[in-house]
Each structure stands twice: as C-alpha cells, then as structure tokens.
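Two complexes, one shared chain (chain A), two partners (chain B, chain C).
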Partner chain A sequence: MDIYQLIRSHLAGPLRRRAFKSPWAYRLLKQLVAAQKKRYSWQAAYELLLNTIDQVAAAYLQQGPVVWHNVFFPTEILYGLGLVPFAPEAAAAVAVGLGVAEEAFRVAEGDWVSGESCSFHRLAYGCDRAGYLPPPGAVVCSSHLCDAAPQSLAAAAGYHNVPFYLLDVPHRQDAAAFNYVARQLKSITFSLADALGVPWDQERFQEALLASNTAREHLLAVNRLRGQRPACIRGDEAHGFIYLMLAGFGSGAAAAVYRQLAAELEQRWREQRRAVPEERARLLWLHLRPYYPTEIFNLLEQKAGAVVVFEEMHHVYWEPLDPARPFYSLAGKVLSHHGLGCISRRIEAILAMVDAYQVDGVIHFAHWGCRQSTAGLRLLQDALRDREIPFLNLEGDCVDKSKYAPGATRTRLEGFLEMLRAV
Partner chain B sequence: MGALIGWFCHYTPVEIITALGFTPYRLLGREGNTPRADTYLVGNLCPYVKSCLETAIRQELPPLAGTVIARSCNAMIHLASTWPRYGGRGATLVLDVPRRLDEEAVLYYSQDLRRLAGELARLGERQLEDSLLWQAIDAWEEQRSCWRGLLAARARGEICLSGSDVMAWLDGWQTGMTAAGRDKGQAGSATIEQRSRPDFRGRPRLMLAGSILPAELPALVEEWGGWPVCEDACNGRRFLLAEVARETGDPYLHLARLYLGGPPCPRMVADQTRRQQYWAGVVNDYQIDGVIYHVMKFCDAAIYDFRAMKDFCDRRGLPLLRLDGDYTGGGRGQWQTRVEAFLEMF
Partner chain C sequence: MTVTAGLDLGSLTTKAVVIRDGAIAGSVVMKSGVRSEDIAWRALKAALDQAGIGEEQVDGIVATGYGRVRVPFAHRKVTEITCHARGIYHLWPEVATVIDIGGQDSKVILLDRGGKVRDFVMNEKCAAGTGRFLEVMARSLEVNVEEMGELSLAAPRGASISSMCTVFAESEVVSLVAEGRPVAEIIRGLHEAVAQRVAAMASRVGWEEPVAMTGGVAKNRGVVKSLEDNLGTAIRVPPDPQIIGALGAALLAADSKK
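For the complex of A and B:
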C-alpha cells in the first residue's frame, strides 16, 4: 500500500501546491486511506497515518500558530502550548514520496545551499522557497545533535521574518548544563506563548508531559516485545514509526499509536506470527533509512531472512518526565541523548542495544552530509570489532535518490550477509 | 616558555592557559592531504579538523602537555572523541562553547571555563589564583588592543599592509612560537614600516570571510590583483575579540563575556543579527569594495553563513565571490580563474 502513489494520483502536478491548502484535499485523503484500512498490515500504522494527515492539515490550514522545529527539539513544549508543530526534516522525507524532491533540490542549489550539507535540510529549504511548506509563526531548534538544523532553521526564520529560538545544548551532563538547558526551555516556552499570543495553560502543559510519559511507557513495551525471538515486525515496517520519536512526543496520538502497536505485537507474538518465515539473522539499524524505493530491506529481510529487529532511533534514552518540574525534566531528556558528548556514550548505548535485541550484526546507514552520525564511526567500528559483531557502513542518502547506487549497495549487502553467515 | 597547550577554536580563552604558566599553541593544520586522518574521521568532515589530526598522527607537532578542544561544531565534537585515541599526546580537555550571547549563556560558559581551569591546573604545578588570571587577562588585552590599533590604522588607510603579512603575523602570534609573534609591540614597529605596500593603493579593497581561512588565500588574492584589507575569520580579525568593560570580581564571567561577545562567528546561530551588524561595521570602516567568501568544504556553518552573506551583499550592492576550499592547498587553478574574473568587475 503506497500512500504516496495514492496522493500523487489524486493530486496531480500543478494542483499540488494549492491542494495542500485546501480542506477538501485532507478530507479526500482520509477517506481514501480509510477505504483501504484493511490493507494495512499494522493497524497502528494506519492510525499513525490518519493522525499525521490531521497534523499536516492543521499546519497547512493554519488551525493554530504553526511552529517549525527540528527533530531533536522537545516537542512536549509545543504540544503543551497548544501549538501546531511542523518538522521540516520530516516534511523533506514526505517530499521525496510526493515527487517534488528534484525541483526542491534545484531551488536550494540555485540558492547556494550546496550539496555538501545534509540533504534533509537542503530539501526542506528548497520546498520552503518553492512554496510547498506551511509558513511558520515561529521557529525553534535545538543545537543537539547536528550543525545543519540550527543553521537551516535560523535561515528559514529569517526568510519568513518570524522569531527564532535556539535551544543551546552543551555536551556535558552536569548540574550547570542541566540548569542552563532548563532555563532556556522555560524562557523559550514563555517567549513562544508571548510571541504567538497563546495563553499559558498549566494543565495543558502538564498533560503534554504526561502524554509523553505514556507514549514512552508504550514504546518501552514495544521495544521489549521487539527484543523477543523470533521478530514479529520487520524493520521495514517498524521504521515508519520513527516519525513519532521525532515529532510526536507530547501528543496523545503518539501514546495511542504505540499502545496499538504494542497490542498488535503482543498478539502476533502469542500467535507466533513471524516477521519473516525463517529468521536467519537479527540486525540493528543505525541512523535513518532511505525514503525512496530501494531493494535494501527486501534483500535483507525478505530474501535473506536477516531481520532488522531494532533501530537506534527507537532507543528510549531518557527517564520519565516530572510534570512538577517540567523544564528541569525536559532538560534531562535533552541531555540524556546518547549522541551527545563523547562518542563513547553512543557506543555504550549501541552495545547495550546489541545485547538487548540479541543482534548478530549492525548496519549504519551513512546519510551523506550527516556529520553527527557518520564522522566518528571508526571508534564504533573498533568497539564492535572487539566484540566480534559484524558491521556494515552503508553509504547513501536518505532523501536524495541520485546518490543511490543499487549495484554497489547490493554488492555490499551481499558481502555483509556472507560475513553474518560466517560468524 | 612553559609547556605547550594546543587549542583550536578562537572561543578558547588563552588567558587561562597562560595564567597557569603554559604557552598556548594554536593548531592550524598542515598543507597537503590527510590520508591518515581520513581513516579515523570517515565521511565528509571539515578538512581543517582532519588536517590538524593528520599533524598529530604524523607527529609533526611540538610536544604538547595537553590540548583544549572546544566542541564548537560537529567536526570538533568528533575530533574531541578521536584525538585522545589516535591523535594527540598529552591530556585532552574539552570545552563547551554556547552558540548564543545572553546572560544564561555567559553564566554557563563562565562555569565551564572555571571547570576547564581546574582540569588544566591539574596538568601543571600551579594553582590558578584569580589574581594570576586577571594578570593574564590584562596582558592579553594589551596585546589584542595593539593588534586592534594596527588594524584600525590599516582601516583608516594610515598604513598600507598586505593581508598576507597580517595573517602571517597573526598566525605566528597565535601559535605562540615565534618571537615576533609574541612581540606585543607589533603595531608601529619597524617591521610594519618595512612591510608597507603603498603599491596596493588603488586596488579593490576586499574583505575575505569564512570560518577559518587557509593561510595562503590572502597572498594568492594579492598575486591576482586584489587587496585584502580585512580578514573575517577565526584565525583573522575575529580572534582579536572586542574590548569589553572590565568586570570586577569573577574573572571567568569576564572571560565568558569577552569571548562570547566578540565578533560572532558563523556558528553563533542565535546571534545572526549581530553578525550582520558586524559585517556592516567592517564594510563601512574598511571601505570594502567587494567580498570573497571562502566556504570550507563540509562546514555547515560556512555553507549557511555564505547564504546570509549573499543576502547582505545583495542588499548593499557589494560584489561577492564564493570560493570553495578543502584546506589542502589544492584547487588553486580554479580559484585563480574565478578571482581574476571577479576582480575584473572593479
């Protein structure tokens, strides 16, 4: 079931831009999706899609003040203020499916955003300048973990002439860092409320934190179930839920989707419905995946029975939030990210995932331009080698399909599968 | 001269290093490729950072008692992880530099500087008394103000200096190794008189901008007919900071304010208005005719900063040329054609 095909066939070229701003387009889309409900192999994915359509509609129809954020900003704040969050990086992934990437890349390139920078942001930049994105009322961005996001979002705020709020995140986890981040979060929250004219509602804010905690609990349940053998969900399918990690925490929808997913996994586990007929190897996936059609997962999971049983992006790295100390506990969440600080923290987290999910091998998708994820891989590689865990660094680009080399990718995957068999 | 402490980012307060009796030594990399560093820092990462790692792996650096790595960008963050294992000898000390300028950031930075001072003190024999730090602050301020005076005279056209000379002097001063570099009396000294280049008058007055500038760029621009009169780079004018009112009391607060309040670098993403104001000041003070922006390959800050510079130049009708560089000394042929074509515009 390809949602993009569905959209593309109903919202053809010239209509596209206008269609985004038309309520009927979203109604039609939801009807089309609902008509195909039974064809979704996971009802949680179906629910996630309906929720995402609602969220996208809220942004394009400006149903409230739209705030752009990067995917590492704690969205609990935005939901807690009753704002409409919109993540340009996530929109970039959608743009690929909608077939507007080439045009957007051209626009960005023409505007000197060169191909050496992360293509998520290049694409978002191009989409924005080409008029595809809903204009923001404000832009927020955290400086962890990458350099591209703050730069590109600050440029977007300048372009739209709206306030830009940077959450500056240090790499230490000491008391000074906690206070620094907590104070900024508080100030950003009240500045946003002020600038966008939204009344402060303590109850709503606390609800967002509680919703975040509930989502966290359900996600932990999902992750526990994914640790069992054999896997009941393929990585290809599970990847679709990463969106919630990046833009959903603080919303009731995230909690509901994870709850549903946990229930379905539980049921399949009871019924021993396997992700693949014969699980020959278990893999851990680092960073994101390509958002255009490739044969990667087909080769790994369907053909070779090497199931991606967990994604680094689904790792719950933070403790539950404390609604009585909202900013301090959100600071804790931000500072707990395993990608912050010395790479030994990330390595430690990855090794823990290797054990928890009993994986036989690790694949890192080296998204071109993502320095935060790729640059220090050598140390990770060394650590995995010490544990004799096969590792593949698969080079490519999550959203720029011109960088995808099917032949080379296939060769590398086959080599890696050989290595797994040999271990 | 005390044991050397290496440092990279211009937000590193050298005062703390000197107050403890060490000699700060700026790491500026090397010319040429970086095959060894490439095996440790995979992917498309800042060539300057790789170049510095290469010098360490090849043991081309003087012995360092330690190295302070400010985690100012992704490349530096990864260098901080890699350096102790594959690169530098001596201790590796890391520093978190805020990307904004406000009281919260100043307070946080001051706390981190105090922590850094404690760690550095453990490497040496001296405890860091506030009074020693104030002395170092004054000594550095005296030197910086001489440099600022020199550059101001250059801006007013009272002295006619080549950009390549200024960059070379600054390089020497930052690495702390040359006697001339440590000579705080640079301004007005005989050297400057001897190096005067009145023949440059009449050439287009250029601002060279970027994150870090390759040392040879000003010389090449001069060779091709331009006249760099201001270098907006972290190894150029930005390193000279700006005078701030002296705080009484906490020297770390003073340092935090001094460094974060200096001319903002492209990474200070929450401080972009100030960066534009800074450019406007430079263009007016130095009577800039055009800008050459050096975009360091894979430097996200520079890639987006160039965008902002483009808007700035468009608004003011200033000609702007972008040069992409990889810090290895390659690609000069391409630069030459582009710079010469650019200079023909004037």
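For the complex of A and C:
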C-alpha cells in the first residue's frame, strides 16, 4: 500500500480538510510511514517523504510565515529568510494522489476557470477554494518558463489579500539581464522580510546558498552515476525526486536526500544491481509525467526493458552560487535555465543529455497548457533526427486523468519501442 | 511449407490473413463487435477455411490493432504501426510513407529503405478524420458510407467544413443540408477536411514519396483523391487496403521463423 492509499483509506470527506490542520495527523502520518520503512526500495525516497511531511506540516500548522512560490522561483531566498515555502503546483500533483483532484476540478470549473488553462493551476485553484491549501502570508512568482503561473498566483494573492511579488525574467543572458534580475531578487527578499516581519539574518541566508551548492554537488554525483550502464534506478523511481528540484534547493534536507541517493546508487552500481533484469533501451524523458496511475512506466521499463535513464527536470543547468554575491549568483541560476530564451539552448542541453546518459530514444510528454515546452517540438524533432535518435511526443495531461487515453497511449509507446527494436 | 496468420482487431472490423510461403492464402474481414477473443478466433478460422489449411498447421500468429491484447492464442502482439509498414513493404518495398486511416484513428508511418519504421505520428484521442467520422456523417446525410467516394468525385466543389470534431462537424452538416447544399458537395467537403487533417499530420512527421494508403478509408476514392490533391502526389492503394495490417502481422510471424 503506497502512502497515498494509506492517506485515502484513513481520511474521507470533511475529515480531510480538518486533518490537514491537525498536528496529530502529521504525527500519525510519520508513524505510518516509519512503520513501512523497510518497504521503501530507496532509503532516500523514505527520507524525502519524511522531510516532505515535515514541510507540509510546517505550512499547514503555520509554523512560520508561509510563502507560496511557483516551481521556478529560486527557493534559496525563502529558506534563507526562514520562511515556509509552499508550491501550489506541487500540491496539485499531490492532490491527484490523494483523490482530491476531481472535487477541485469541479470547483474550478464552477468558478469558470477556463478548461484551456494549465490543469496544474486549475487544480491548485480548486484545491485552494475548497479549503485544502495552507493560507499564504505572501506570494512570490517568477515569470520564466511557466506562462500560467504569474496570472494564477497573482489571482491567488488577491483572494488571500496578501502581497504578491513578481520576478520578471527576460529571455536573455547578458549583463543587463543579470543586473535586472539580481536587483529584483534583492528587492523581493527585503520586501518579503518587511512584509512578514522576519529579521534579516545574513548568516542564515548564506547557509541557504551553501546548502543549495551542497545539494547541487550531490545531485551531480547522482546524475553521473545515472549515465553509467547498466541503469541502476528506474525512471519511475527517479521521477519522485523531482520535487526537490522544484521546491527543495536551499534546504539542508535536499542535500541530505541527494547524498543518500548518490550513496545508494553507487552501491547498486558496484553490486551491478540493475534497474531492470534486461536493459534493452535507454530513454530520456522530457518535461513531466502523469501523476495519476497509468501503465506508461510499467510498460516501458518493466515489460519492455526500456529504462528511462534520465529526466530533463533533473538537469543541473546552473553554476555554484556565491554566498558573497547572493543575488547576482541567484540571478545567474535563474537565467541559465536551458528552457529560457532561444529554443536552441534547450535543444543543445537535450543533445548533451542524450550523450551523457547514452540515450537510445527520447520521449516528450506534452502537458496540456505547457505551451513553452511544446511550441518548439518540430525543431527538437529535427535536431534529434539528425542524430538518428528516435523521438516520440506524447500529448496528454499531468494531473487531469479525464484527458488520458490508455489505448492510444499504449499503441504509441509500443510503436515507439518497436521502432527502437526494444521488443 | 511455412504457414502463418495475422489478426488485426480494429474498432470497426476484424481482419485475418493467412500466408503460405510468403503468399496470401486466405483473408477475411468481419465486423468487430465487442467480444475480441471470439471474433478473432472466428476470423482466423474463416481465413484458414478459405485457404484449406488446418489450424494445427499454423506456425505462428501475430495479433495487431487495439484488440491485440485480448487474443490469448496469438504468439506475439505487435502494433498496427509496425504491421502496416511491414504489409506495405511486402507489396511495394520502395514506399517511403504509409497513411493508414482506420475506424478510430489515423496514422502516418515513415519507412526506411529496409522497410523498418523510421518515425510515426497518430491523431489525437478523438474520431476526427477517421472512418468513424465518415460513418457518422454518412448517417447524417442518409447515404451509405460505401457510396460516399463516387458521390464526392461528381461534385464540382466541396462545401466548407470548418470543424473536425465529429460532433460539431455533424451539426455543420445538418446546417448545410438545411441550406440546400447538394449532398455530393457536402461529402466532398468532408473528404477535403479529412485530407487537410491527415496532410498536416504527414507534414509533422516529414512525409516522403512514394506514398501508400491503407485502412478501410482507403477504399473511399474521394478521400484518396482529396489527399492526393492536398499532398500533391499520387497515392498507391492496395487492392484490399483493409487487410494490410493483418498481412503485415502474418509476415512478421513468418519473419520470426526464418
């Protein structure tokens, strides 16, 4: 029984909303998780779950000022200020697992939130209006990559009557852009501190940047190990750690989880403990994946031996941060994302991943509403074709299971595997 | 003597092909219904009877189509993508692009010089541009789906059909009938709409000549003509385009015996 089933079986209806705000729920949850400790095939996943429960508890129990952020805002700032970060988009993915999604989508639809907008944000909206999310003391948002986030989070700040701070990120990587972003980051940082009444603590702020650097080093170690043959972790398992990329940098817990994951990978590789009994193909997964149950990864990895050896979301695209120049180096982190600016930057990064992870085929999951990741697909397909790397685009939805068509998806995946001669 | 069979369980029809030493010995097309296993077995038996071959003489069976997962007596399951490619490669090894329009979906498949699938694309999860779409429209127009091809070829122009959603297109068709547009022109408009959609898919995947068309809709001469006009190339249609997937499946079964 996975954690979501545990929670669903213990909570029903109105109890859910009340449970989120009860300290007892989190204690019970941690005990339930601890009782299942031996059943986690990855100790790192177990530690990640415990840490996530702590973080969720801190947000719902208001153990510090809660700040909502979109998944591309640099969270080092929030940890550095001693705030409690909360990512509504990540909460939307969790809501699917908890069985809350259908209700939340109905709420959003009832409020006339357009079905054409990103379902992550529709779902987060519905969860919020239904009372499932912890109220924010402030909302911060970066404008880069996710088109829907600035509009969605600005509206949320309005509903909660709290300050909204936008980080405006230009689609360039020149000195003017660095200075522009750095100035905004500094301004947002001190505005947050003022608005939320938290003291500025230089040492704590620098610790967040150092923790981020440590996490980065351990993640690079994980990624290097994943480039080895045979793969020792399935993409299905690795995907669960993406949460840290989106909401964990700057916390000591992220560094600890990545350190543990690297150690476990190293051990399995030394023991030649394969991710799948017979590795027939190595795949690169682009963008995200469905968070409701599907056959996709089972069909690829366990049935066909086509291992997702890497996910685009785990790509380390930035240089170490400089605690002596925190805002400038954080600006560098923001601006160096491979999806920002000209499509050729993303293509170059993807081709580098193809090489680094010895990839045989690439699958792009085109999530409904993520226009920035789907608009340049033709150029990406052409670049991969030049390298004779087969490419499959799967159109779908990460959180709205009503848009999932199992038969059509299966035929696409199996047709792709037949192209790779992996079956 | 090597005998193999291919079964293609599509949404509208189930096809069976038996080949003996590389040549088609028997083939059958039946309505699919909802009991995949039963219809698959009956189709196979009918094709074997036609070929005068006993079931114990069959060396291999490959199933394809959406119903392939429910054929327990098949030795292998392979997607329609690989099977249509293999079937056309058998008929015309030089073909570079296969366009398959079946009852429920459309596919454009690129082949390399050796007949392997190089790339493919499928329509998204709705009936737009498929055989189901044409069936629904035929009912609205009170014509047989089999006569739509000839009717449209007689029309001097096609009525404009802007929507490819089957439900919305049907209401457009009803409006056009109410306006008094000739049925033949409406049908040609529907064919042109299908052709535009399929041509866009072909472009997405980077189609090349020569082009062949398979699936039940390839029997509709009007759709083929509209697609040829849209792509600007001749399209080859096998004498029995519906069975190409099953033929490819049977050939794949034979290939694995070599």
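Basically, the second predicted complex is superposed on the first by the 420 of 423 C-alpha atoms of A that agree within 3 Å, B and C clash if a C-alpha of one lies under 4 Å from a C-alpha of the other, contacts with A are read in each partner's own complex, and residues count from 1 in each chain.
By our rule, a contact is a pair of C-beta atoms (placed from the backbone, for glycine too) under 8 Å apart; a residue touches a chain by one contact, two chains touch by 3 or more.
From a predicted model like this one, the values you see are computed outputs, not experimental measurements.
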item: Of chain C and chain B, partner touching more chain A residues; value: B
item: Partner chain(s) touched by A:28 [first = chain B, second = chain C, both, neither]; value: neither
item: A:116 touches, of chain B and chain C: first, second, both or neither?; value: first
item: Which of chain B and chain C A:369 touches, first, second, both or neither; value: first
item: Contacts of A:390 with chain B and chain C, given as first, second, both or neither; value: second
item: Chain B versus chain C as contact partner of A:412, first or second or both or neither; value: second
item: Chain B versus chain C as contact partner of A:276, first or second or both or neither; value: neither
item: Contacts of A:378 with chain B and chain C, given as first, second, both or neither; value: both
item: Set of chain A residues, in rising order, touched by both chain B and chain C; value: 378
item: Touching residues (chain side chain C, partner chain A) in the complex; value: 66, 69, 78-82, 105, 116-120, 122, 124-125, 204, 206
item: Residue ranges of chain B in contact with chain A within the complex; value: 39-45, 71, 73-75, 77-78, 80-82, 85, 94, 96, 98-100, 104-105, 107-108, 111-112, 115, 267, 269-270, 272, 295, 297-298, 300-301, 303-308, 310, 322, 324
item: Chain A residues touching chain B - in the complex, by the definition given at the top; value: 111-114, 116-118, 143, 146-148, 150-152, 154-155, 158, 164, 166, 168, 170-172, 176-177, 179-180, 183-184, 187, 342-344, 366, 368-369, 371-372, 374-379, 393
item: For the chain A and chain C complex, residues of the former touching the latter; value: 378, 385, 390-391, 395, 405, 407-408, 410-412, 414-415, 418-419
